[in-house]
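Each remark here refers to the structure printed beneath this line.
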Amino acid sequence: MSLKGRDIMHARDFSKDECDYILDLTDYFHSQYKRKELNKIAVDKIIALLFFEPSTRTSFAFEAAIQHLGGGSIGESGVEATSYKKGESFTDGIRMVDKFCDLIVMRHPEQGAPQRAAEVADVPVINCGDGNSQHPTQPLLELYAIKKLRGDVSGLNVVLMGDLKHMRVDHSIVYTLAMYGNHVIYVSPPELTMPEEITNEVKTRYHAKISAMDPPEALEIADVVYITPIAKRRFEDPKEYEKFASLGTYNINMKTLQKAKKDLLVLAPLPRYEEVSTELDSTSYQGYFKMYEYAVPSKMAILSTVLGLDTP
Amino acid sequence: MSLKGRDIMHARDFSKDECDYILDLTDYFHSQYKRKELNKIAVDKIIALLFFEPSTRTSFAFEAAIQHLGGGSIGESGVEATSYKKGESFTDGIRMVDKFCDLIVMRHPEQGAPQRAAEVADVPVINCGDGNSQHPTQPLLELYAIKKLRGDVSGLNVVLMGDLKHMRVDHSIVYTLAMYGNHVIYVSPPELTMPEEITNEVKTRYHAKISAMDPPEALEIADVVYITPIAKRRFEDPKEYEKFASLGTYNINMKTLQKAKKDLLVLAPLPRYEEVSTELDSTSYQGYFKMYEYAVPSKMAILSTVLGLDTP
Amino acid sequence: MSLKGRDIMHARDFSKDECDYILDLTDYFHSQYKRKELNKIAVDKIIALLFFEPSTRTSFAFEAAIQHLGGGSIGESGVEATSYKKGESFTDGIRMVDKFCDLIVMRHPEQGAPQRAAEVADVPVINCGDGNSQHPTQPLLELYAIKKLRGDVSGLNVVLMGDLKHMRVDHSIVYTLAMYGNHVIYVSPPELTMPEEITNEVKTRYHAKISAMDPPEALEIADVVYITPIAKRRFEDPKEYEKFASLGTYNINMKTLQKAKKDLLVLAPLPRYEEVSTELDSTSYQGYFKMYEYAVPSKMAILSTVLGLDTP
């Protein structure tokens, strides 16, 4: 199997077979990485990192991944959106950069910008976040982390907790979780529920079981909690935010997890605001740091298959 | 032939033999690049990319070029001019950086800054733009593009259109075009004509045929048009700008090219403002994107000869 | 000997044997570097360069060093302190980055930040400047420069001149100089003397001879002068600054060096303000540019031993 030349725009772009393949590749690179074996299969490849929004996690992981594969990169976090002007000039810039590299990795504040890039680029484009819309390579990391840290990737009760309305990581992982036959449980303030069109599409596409619950109920049956922060600026009325904040309803700490399963796994995309108490950092629940051990191998898997490199 | 250790400050620094040699080297690297052959002849080399002004095109192309040659780079686009203070401190900084690298690639808002760097640096310095003055490696790319896309590099009617007063790319390419025996045709608003001292030097040095024409006449006989944008801020009286803008005189579109030669080639350094209509993007006239296919090989050619690498 | 896995936080972290070993390694890499021999012993290593304060000298030298060793880097000068929020989020960020790399090189405006990073990171952390506190790899370069340019590293009269109160390079080198049995001579305005706790610790730890002198007396017996600039902003009363500035007391020029030893060596960490006259640049006193010839080999020595690479 190979995803050679494929643009990666949306979490639904991967079939289950393709996801399985990427998880296997991640395993392969992770084992190799731990054994400190070299695998310089990309020595003739250069990727462009075009991050029009700040990024450390994602851009650093891709940068490290291409270097482990022996390849190079141009561009970086913090490309000024202004140097690529709006409209035509953005795609003009892409038509130029695409001649300097073998693959473009992009984050952009505007929804659809990576798609517009992909339409003019000869090389494949990987969307690493476009506005509130999608960040499709992130669930591949999270799925692998669930597999490693929880032992399985299907048949689980997975709670998506926090700002489901705005967070592109939630808009992405819901597809992947549903495709793998998990029960997805939404837990969010009524103001911040998952967009209906996403839920409808996921249900239709994957015949998925999706529920909405209140925090106590959800945390009692959860096998995995995936929690995103709720940002004050999302609320028109600051008092509404204060209500949630003071209740501590959409935060996780040892008290809210009193009735949780012993083998609960807590994931969070970070950076952390107040959604996860530091009490959890040294407990067995904590998966939000452990997860990043797999970030570089996961990006190596994606890069190698999209670049068409020689892998198992 | 070799330009080992040579500072590249001005378009006139290259003899015709040297230009021919660099075009041949560009051909060599371009063929190799297309065949995906490795040529890691710079594994012990590090170049410093000191861009005191934003750059994507040029800095990305040099960064990709050194990586394809197996070498590395330090620095990047967006070096703060403030960290290298004015006067002595600028050259102090260069005397330090030059001990960390084998070659300095520099862009600076002040005319002559690369020259001042070259005076104190032990390693060669390549000027990639100093104020309104020069950008001498750019015409090497454009000349190669004309050769590939138009079949010849001499005896052509080449129109330089736009803001000839301020654009360093025009101040550079005019030397190269004249040296190769082309007829250079200036087309610009009277406020934005080519500086007289440049025209005089080019005529004296290369016995070149240089004319000034109005747009319709020039576009009818042009083999190549090299067009730069006219920026509003260049005009003291905004009404003057509006006059040119509303006339659409110094812009190119399918209408202004009605009487153009069938095999006309349109080049533009980009980024595009309004000088080239997007109507042209999918026509055979378009060379402004195609040109960038040669950017990395062109930079590989320049780097390899100035670094004294082992090339044909 | 090896410093494999060691955090480098403070100049006192190195024993004299360890310093000797690093000087020897610097020699080894410097010879190799001059012979243009390759030594790609770090091909499986990636270092993170987290510079929360601007840096060119130090970050460029580390970046060039890891590339000469065949390794790669992520991050760069100018990481926004804002993306790593204060408090927990800073260490959260480190717990993530440390999974992407084999070593962290850090500069941070807050004293103790690298120590907080080292406490949560699995990989070693090298402090390259934390507030006014320490910059412990800098004296290793300066010691090597003294050895090469002055022939010896002990038994010398070394003058530390300038703002001894605030400059972390002074707070670092004083330990190393004392450990090697040099006579350290402080020369500073009374407002900017070396913090007493540092002097006391250095005396107790190394039984060192430390004196304070006025400029003329000190410059007459100095074998080495290490001079740092006095910044106007350090003075509450601007008139106080003017007094020092107008006197030219804590600056060096040919006049103030009239009675200096013929083989005096002047070092300065740069960037230069007004502390060293450009008159000295072409004299034999000048060591402040020459020193940087050893910067990359010095960083190669530190990286290779902390990474546990295969060196002599």
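Think of it as A, B and C in the order they're written, each chain with its own count starting at 1.
Here is the rule we go by: contacts are C-beta pairs under 8 Å (C-beta built on N, C-alpha and C of every residue); 3 or more make two chains touch, one makes a residue touch a chain.
Only a predicted model underlies this, so the values are computations on that prediction, with no experimental measurement involved.
K.L.:
Can you tell me, using the touch rule above, whether these chains form a line, ring, star, complete graph or other shape?
P.N.:
Here the contact pattern is complete, since every chain touches every other one.
K.L.:
Could you label the chain A-chain B interface same or different, taking same to mean over half of its residue numbers are used by both chains?
P.N.:
different
K.L.:
Measuring centre to centre with CA averages, how many angstrom lie between chain A and chain B?
P.N.:
41
K.L.:
Which chain B residues touch at least two other chains?
P.N.:
76, 78 - these are the residues of chain B that touch more than one other chain.
K.L.:
Across the complex, what residues on chain B touch chain C?
P.N.:
For chain B paired with chain C, touching residues are 43-44, 46, 48, 72, 74-76, 78-80, 83-85, 88-89, 92-93, 95-97, 99-101.
K.L.:
Can you tell me which positions in chain A touch chain C when the two form their complex?
P.N.:
Touching chain C: residues 36, 38, 40, 54, 56-57, 60-61, 63-64, 67-68, 76, 78, 270-272, 278, 289, 292-293, 295-296 of chain A.
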